[in-house]
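First chain A sits with chain B, and in the next complex the same chain sits with chain C.
Right after this comes the complex of A and B.
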């Protein structure tokens, strides 16, 4: 990898490790290989969002041309969010595309992603199903997003969330894959009949 | 800002028709447009992001970037290049953008050959892309018009 990219990632890595946000366990980065081409990021679900208390892992790939081109980032932790694919974890965020600037860093990227979790942009969606639910039934979207955070991001679970668990378990007992069942229920307003139809079609 | 009616020593009457109101609005707008100097402070960061990154800075703009030398006091304060994040050395030569942000030449030149804005603050340099320049001007004009209509609306009804 080009020298400037490696030198920069080393500096940025230290910047994140020493940052105030890291001290508060809000963001974290880890090296995956010795070439500094791949890193693992982690952001905490922001307070007062359905993601609160969750930990979200990110795959970060540093291109050869960094920092002239943005890092390639996607969510490894499954998440229900209008701007993040519930299937692939791909992210729709302008600074990771045409609005990237060479002075941005891993720290600013992680903080921007955290901000995206606090403020979705449903008019520029990555996941059309989630975005539609976000716009048309905000309350159900919130409950679904919280359920995904509990299921996949270790967010704390409370008693009143049992209804969704029961439905997923019912479908799982019928022999469906748990994640597929959860996805089908999420996409069909937690309607058992429609989710089942989706799963067998 | 004084409203149209103050300046013209008259009151908007109950019977003023939508037409005359719209007409006044246009007059006021035309006057403001004429008064406006060519140098406008513009905030381009709020332009809607396109699918594509903005085009490279124009050759002329890149060539006319000022050079400067890092002073010992700047170096002592730990001034660094925002692209490679390395601290500048004393007396090191840097390129200075119109926004006063400083970079190693080897750091800013590759960036400006990709896109036209400051990596730190997005201050835009001119491009050699006529289509982009036209679109940019049109957006600036639209924004100005909106601001003027807002101001006008506030002065009339606010």
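Right after this comes the complex of A and C.
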């Protein structure tokens, strides 16, 4: 069983490396070990989304029964998205679960994840807090997602984003962990008082 | 072997139940109720053969695997022989069509006559017409292993998505490993066609172990998918029930003795129907903490306040100190629990509740639930306690027989009485979830009336059985008749047909 998984990954690896998308720096795959059981993926944040300009790293684990079972994929780069856990990076996407088909490849997976960044499905959420914000206050969600991309995915910053930085810095100066402060602020509509309350309790 | 030859398990309740005396119907004196009440002592429903209609009668059979297999094959044969139009339907495709329709033959045939192609598309045997037209160039490699393959070594379903035999084989192995059999799909992304049994057979012909497991899982899928078949829920039991009319009625396995509702396989639950009992059990599980405090084995005598422990099933209590007769459930005077005025089982809703605050409404809803839950749970406990009574009676009879005080046959009526009590209280327990979900109106009034009558007679019976040796045999047997008649009347009027 393992033989076909390795043979498949080797071939797929070349397919991605040679692909058009790789040439445009949109997707990439790298090997982590020599057994081809663990890979590192990378996707570019799609244009006209809060993730634009960011680079998102993915942990890809290949099960022994691949390609008859899907690869196990999660985000290593922290991200604010309704279908991706802001805590663990776990992804809610049908093709990584019951809609997987053996004829799909890593390229299909990476392109599908990129499509997920462009079009969230808040009715099938992985992160309930993010999904709620997405549905109730889309503008604030966009700004928050943008901020996370800048903080963690090297997305370019602009002057008008300073407000959120100031708030995070203020909490960090009070001695709170920077990431915890950012998470608390994001979950409480950037309200300093409620975020502080959350951090203390 | 045809189904008629199969083991006929039951045709309703015991024949002994039928010799009911007419006298037990006399006390329907409440005028208000008599208006709704249609059955007098002389017009109990009778069928063509003049037999008394038994509300619990239920025809079912017990199959072993071979018999069930044959039963399924006969249904498929019936389908393929009846459909004489083109396209001809093979046995293996017939199975897919039936499985997709819970094996309701008439439905498949009707849909086939309407539009056979659409039926095949819906059952995922043919691709949607829009896709079927796309002719793709023959692939030079298998899209799964990405290895070059000769055209002749590639296999596909009707969708023409071709994969090599090795990949199909590995794919089936992984799917069977996960317990999937009848639902194994094409390996192409977003193609939903499913493989037939023949296809699996041709792929797995050289892997006998996987093939055998595939066939076991497929068989299991068919049993679970068939509207007339159920696996016996008993532990490790391989008996299959078959009921021509799949109703929420009692079935019992001869092999493992499990007794359950045919349709939902939970504990038998008339007069409540399957959805009712499902909601009720879910509610009880969700609210178990709220209801926990009720579980008390001791209460204080309402008159002299001495602590009384309940160690029998009967809810008619008598204080051992002051001799006061009271009701365990409501702690009211037992005198108000005569069969004419029995009110203890009826919940009195606040008629103005709609105008009250949301908080008051929530409180009322909780009160209502606890009222029914308390009674449901109390009868459950009584059933357990009465099992002990049964053991005690058995023991006493043994003693009497040993001391030459009659034979087992002489005392058998006591065991019959205890058995009947169990049956009646069991039904009574399930009247509470029924009443909880029943909407108000004349039907509910009638139901509550009959429930109260049944409960009063059951407590009388229980009281007499607990004092069996002081009770006259004729008196006890009369009480048995009355109680069972109440039970059957309630079921006749209120269980789904």
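Definition applied: the second predicted complex is superposed on the first by the 200 of 201 C-alpha atoms of A that agree within 3 Å, B and C clash if a C-alpha of one lies under 4 Å from a C-alpha of the other, contacts with A are read in each partner's own complex, and residues count from 1 in each chain.
Please note the rule applied: a contact is a pair of C-beta atoms (placed from the backbone, for glycine too) under 8 Å apart; a residue touches a chain by one contact, two chains touch by 3 or more.
Since we're looking at a predicted model, the values are computed, not measured.
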{"item": "Fit or clash between chain C and chain B when superposed on chain A", "value": "clash"}
{"item": "First, second, both or neither for A:108, with chain B first and chain C second", "value": "second"}
{"item": "Partner chain in contact with A:4 - chain B first, chain C second, else both or neither", "value": "both"}
{"item": "First, second, both or neither for A:12, with chain B first and chain C second", "value": "both"}
{"item": "Partner chain(s) touched by A:68 [first = chain B, second = chain C, both, neither]", "value": "both"}
{"item": "Partner chain in contact with A:90 - chain B first, chain C second, else both or neither", "value": "neither"}
{"item": "Touched partner set for A:172, first chain B, second chain C, both or neither", "value": "neither"}
{"item": "Segment of chain C that clashes with chain B, given the candidates 9-17, 45-53, 63-71 or 189-197", "value": "189-197"}
{"item": "Touching both chain C and chain B, counted on chain A across the two superposed complexes", "value": "4, 7-8, 11-12, 67-68, 101-104"}
{"item": "Chain A-touching residues of chain B, taken from the complex the two chains share", "value": "49-54, 82-86, 107, 110-111, 114, 117-120, 122"}
{"item": "Residues of chain A that touch chain C when the two form their complex", "value": "1, 4, 7-8, 11-12, 15, 65, 67-69, 95, 101-104, 108"}
{"item": "Residues of chain C that touch chain A when the two form their complex", "value": "143-147, 161, 163, 166-167, 170-171, 174-175, 177, 185-191"}
{"item": "Interface residues, chain A side, partner chain B - complex", "value": "4, 7-8, 11-12, 67-68, 94, 97-105"}
